[in-house]
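Chain naming follows the written order as A, B, C and D, and within any one chain the residues start at number 1.
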Amino acid sequence: MKKLINAIDAVITEQMEGMALAHADLLRVNLEPKFIVRADAPVADKVALVSGGGSGHEPLHGGFVGMGMLAGACPGEIFTSPTPDQMYACGLAVNSGAGVLLIVKNYTGDVLSFETAAELLHGDGVPVRTVLVDDDVAVKDSLYTAGRRGVGGTVIVEKIAGAAAEAGYDLAQVAELAQRVSISSRSMGMALTSCTTPAAGKPTFELGDDEIEIGIGIHGEPGQRRMPITDADAITTLLAEEILDDGAYTRTVRSFDPDAGDWVEQTLTSAPFQPGDRVIALVNSMGGTPASELYTVYRKLAHICEARNITIARRLIGAYITSLEMQGCSITLTRADDEMLRLWDAPVHTPALRWGV
Amino acid sequence: MITATIVEAWLQRTAAVLDENKSYLTDLDAAIGDADHGVNIARGFGAVVQKLAAQPGQSLGALFKTAGMTLMSTVGGASGMLYGNFFLKAAGVAGDRHALTDAELLAVLEAGRDGIIQRGRAEPGDKTMIDAWTPALAALRASLEAGQPPAAALDACVAAAEEGMRATIPLQARKGRASYLGERSIGHQDPGATSTYLILRALAETLATASDEM
Amino acid sequence: MKKLINAIDAVITEQMEGMALAHADLLRVNLEPKFIVRADAPVADKVALVSGGGSGHEPLHGGFVGMGMLAGACPGEIFTSPTPDQMYACGLAVNSGAGVLLIVKNYTGDVLSFETAAELLHGDGVPVRTVLVDDDVAVKDSLYTAGRRGVGGTVIVEKIAGAAAEAGYDLAQVAELAQRVSISSRSMGMALTSCTTPAAGKPTFELGDDEIEIGIGIHGEPGQRRMPITDADAITTLLAEEILDDGAYTRTVRSFDPDAGDWVEQTLTSAPFQPGDRVIALVNSMGGTPASELYTVYRKLAHICEARNITIARRLIGAYITSLEMQGCSITLTRADDEMLRLWDAPVHTPALRWGV
Amino acid sequence: MITATIVEAWLQRTAAVLDENKSYLTDLDAAIGDADHGVNIARGFGAVVQKLAAQPGQSLGALFKTAGMTLMSTVGGASGMLYGNFFLKAAGVAGDRHALTDAELLAVLEAGRDGIIQRGRAEPGDKTMIDAWTPALAALRASLEAGQPPAAALDACVAAAEEGMRATIPLQARKGRASYLGERSIGHQDPGATSTYLILRALAETLATASDEM
């Protein structure tokens, strides 16, 4: 295992300390329990977005803490959900009274932890709502699985909902919008290589020299299937078609209703992409793939979208939601309306995403 | 009577056994999950043992609550939340008792198991830890109700847990991370069912040692 | 070889096409010969910065084309200097009449090509100057070598000189400032892994599973020495001390003087770092090292600088000058005065660097 | 007389030989450089051949100029600029001639070599292509001045180039990318000196074939 780390137990702590030293103008770091908050949190009268998840996906989520995006982020151990005490303490630290929206990627561990945290925050009188991100089309059905995983769509949800919070939307409005962005997002990823968690010390899965893994998540877990390596255009076509040809997807989502003080279930359907749609596109590196290769992918994606009369209205190309040093990429498309595009363009100032300021 | 001392000994033995089986559990999780089950659960029970050592003389309710809260805040991931819930619900039933009869032990374990189901909403056959818990506690209940001595009842419980664990191999996962693999999850033993088996085995062994010593 | 590419011959072209599709608001791409220019070039009355070098170092240089930084960039084949016809055509395309500054990383091929291009541009009546970047302290002497290589300092030079050009400095002023930033910069890099050029198809050098290479450049060339892998703090200390303990460095630099119409030689000395210095710090990924690990490096670097009473006034942490998918990092420190810091903070809007706008 | 046809045949043979030796040269460059010499130079001479085929009947000056400009714009890197300069300077001496005497050939080659030195400012012993060019052209001049027949003179030239190439092995590089390696450049043969040897060998072989055919 070759990494720029020190003691394995200290990896997350030291990365957080590094962030605190580098970005004192943007964020503050708390180590026990671990969370990261905006330097100016709580921000009066603004809804606070809190997300979190296993570490190893940087810049997600800590790199998105700052003006116009997250108020707080809770990093777990590498590839392991954070714990409810982190989310609870983070929620308390960022709540201005306008309430907290918990952005939850759909993994059993994350869901269970955020559910507990939501109940704890509610118990303390914090107005709290939750939104689930489940955009990974590699998972086909929601009936016989834990449902689609939350992957690249999370970045889009955090940016747009963050801008809405900054613009003064109230908690119910931010939650409704976030849910809308979430179900408008679809992603698909692939790996050229595996990755190695410091604790395991060896690659999570083995890939042959001429094999690639299609339909991976973001935790070094094996994907949907394995195939011989092919070229960038073929890989891009495969990922894009999985997304663009994906039919309507229906799932039952549990979210916390602060008025009822309880969980409510909603059945939500994502409509398939259609000619005429405008989308935000994310071409994302899994960590070890350099930006140069992503442009080759983007080139093909742009051609495919054009041929289907889908307009890429905005795009983000880089490493935004990663699996440590894994080589590979994912594509996310989010169907966007005017409101979403306006909020996408709104100023954001975080370590990993910055514009308009 | 199962005293608080015995329960602490159980948790200590569990911590030791999980630590020994850390790589084994993590390897199982690497096959159909994300390769962290062993490391996380061993860290969690290690922390429980440390916490309990610092807070001696608690009631069983308090002791289980400490265990549950500690697991929730140190394990991370699905199993941390589920085992955490197990002990929180167990705590509710144990209350301020300092010892449990065999029947009470059964009630405590069943409440814990129900807590796992309540949070995780898994059903038998979903290829989760529930596939070890459910047959194990059914066997325990049946043996006790048949009037078998506690040692034999617990042996039956462990045997059923082991069988339930092995029976996860041919199953396709429908809950948790392994469900993403679809048919590729078939042929692998569920890591959570395996840790459940180890936890119950540690309980049986602890009780056996304790009664030897009496 | 596992990469997101198509035909090997098309790698650079397709990446450029991807950039053009992605960043039509920022830049235009020319394919024969290959160069990238600001969408609004030539910008009236503004000095135009042109840089270039082998490809494989992305985002350098194409990712830095845009408002407040480069007017043009010339990508060569992977790890191979671009050719004078590219630089010549690019220089003509961006010259508004205020002249062109060629920013040259010190490699024989680059230097010879830019020298030829400067002569060609001068022959066409374009006011042209050159500045050499040679900041790699891994190269010890300038007498018995081709001199220090141009590495991370290039990013700092391009940002600050770009801001100066945007602010209306004239050609001589931009060149003088760029030269000052260049000689105020020192860098040192290391590799955890090698990298693979598409043409070669196999790693440029072999590194054992427990070896790292210290003092690498950015072309997959072997470094200064090889050592057993150690932890991030030790590696950071080693890199930082090479930079901070580096004595005065003197070299003779050839630059083009448009008034004389000829080359002039100047002997320039970089003063060593001193307690009390303020610096801009770049902690850079060689391509395959994820941002998370860079924060561990930054943490230690901050501690080291603090202990030496050197103030990190600004910092940049990420993949800015890379060697394809190589894992590893480099550190660059630039001693900065008020003018440089002001220009550093000035707005910039390019694919890979953006703030203030 | 060395006609334009012979010169074109030389450049064709050079392109073929460099293409055959592409991996060999690139491997030499991998050891002390950046692993691109063979690929780049083969691409460059391939382009020269294509360009010349499209422009038949040029004077030698025009022909060398095309070669020089093409190398400069297709090779990239140090050697592209240096070989490009070689042909540009050679073009200046060849002028509008359509054939060269042996003495004129020597003058053309020497002018080209001086062009390399002028741009690259390498000295003998710096471990560059100059270490092949300088002894090779010295041998050619000496042989011709000693009245040897052109074939023998060119054999001496090639032998000296080969010796100069081999003599780069123990040297420490002081110019070009290999100089960054310091003492680690010792023990490796310089790729540029090797391509120079191959270019001169192609010249000797071309002239030998041409005179056989006469």
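The rule we apply is simple: a residue touches a chain if its C-beta (ideal position, glycine included) is under 8 Å from a C-beta of that chain, and two chains touch if they have at least 3 such contacts.
Computed from a prediction, not measured in an experiment: that's the story for all the values here.
Look past chain C and you find the other chains held together by touch in these sets: A, B | D.
Measuring from the averaged C-alpha position of chain B to that of chain D gives a distance of 77 Å. Note: centroid distance chain B to chain C, computed from Cα atoms, is 57 Å. The centroid of the Cα atoms in chain A and the matching centroid in chain B are 32 Å apart.
Within chain A, no positions touching two or more other chains are listed. Taken together, the touching pairs link the chains end to end in a line with two free ends.
Partner chain A is touched in their complex by these residues of chain C: 2-7, 11, 14-19, 21-22, 55-56, 58-59, 63, 192-193, 209, 212, 229, 231-233, 235-236, 287-299, 302, 315, 317, 319, 322, 324-325, 327, 329, 351-352, 354-357. Looking at the complex, you find that chain D touches chain C at residues 26, 30, 33-36, 39-40, 72-82, 119-120, 172-177, 179-182, 184. Residues of chain A touching chain B in their complex: 33, 54, 76-86, 107-109, 112-113, 115-116, 138-140, 144-146, 149, 197, 199-200, 204-205, 217, 219-222, 224.
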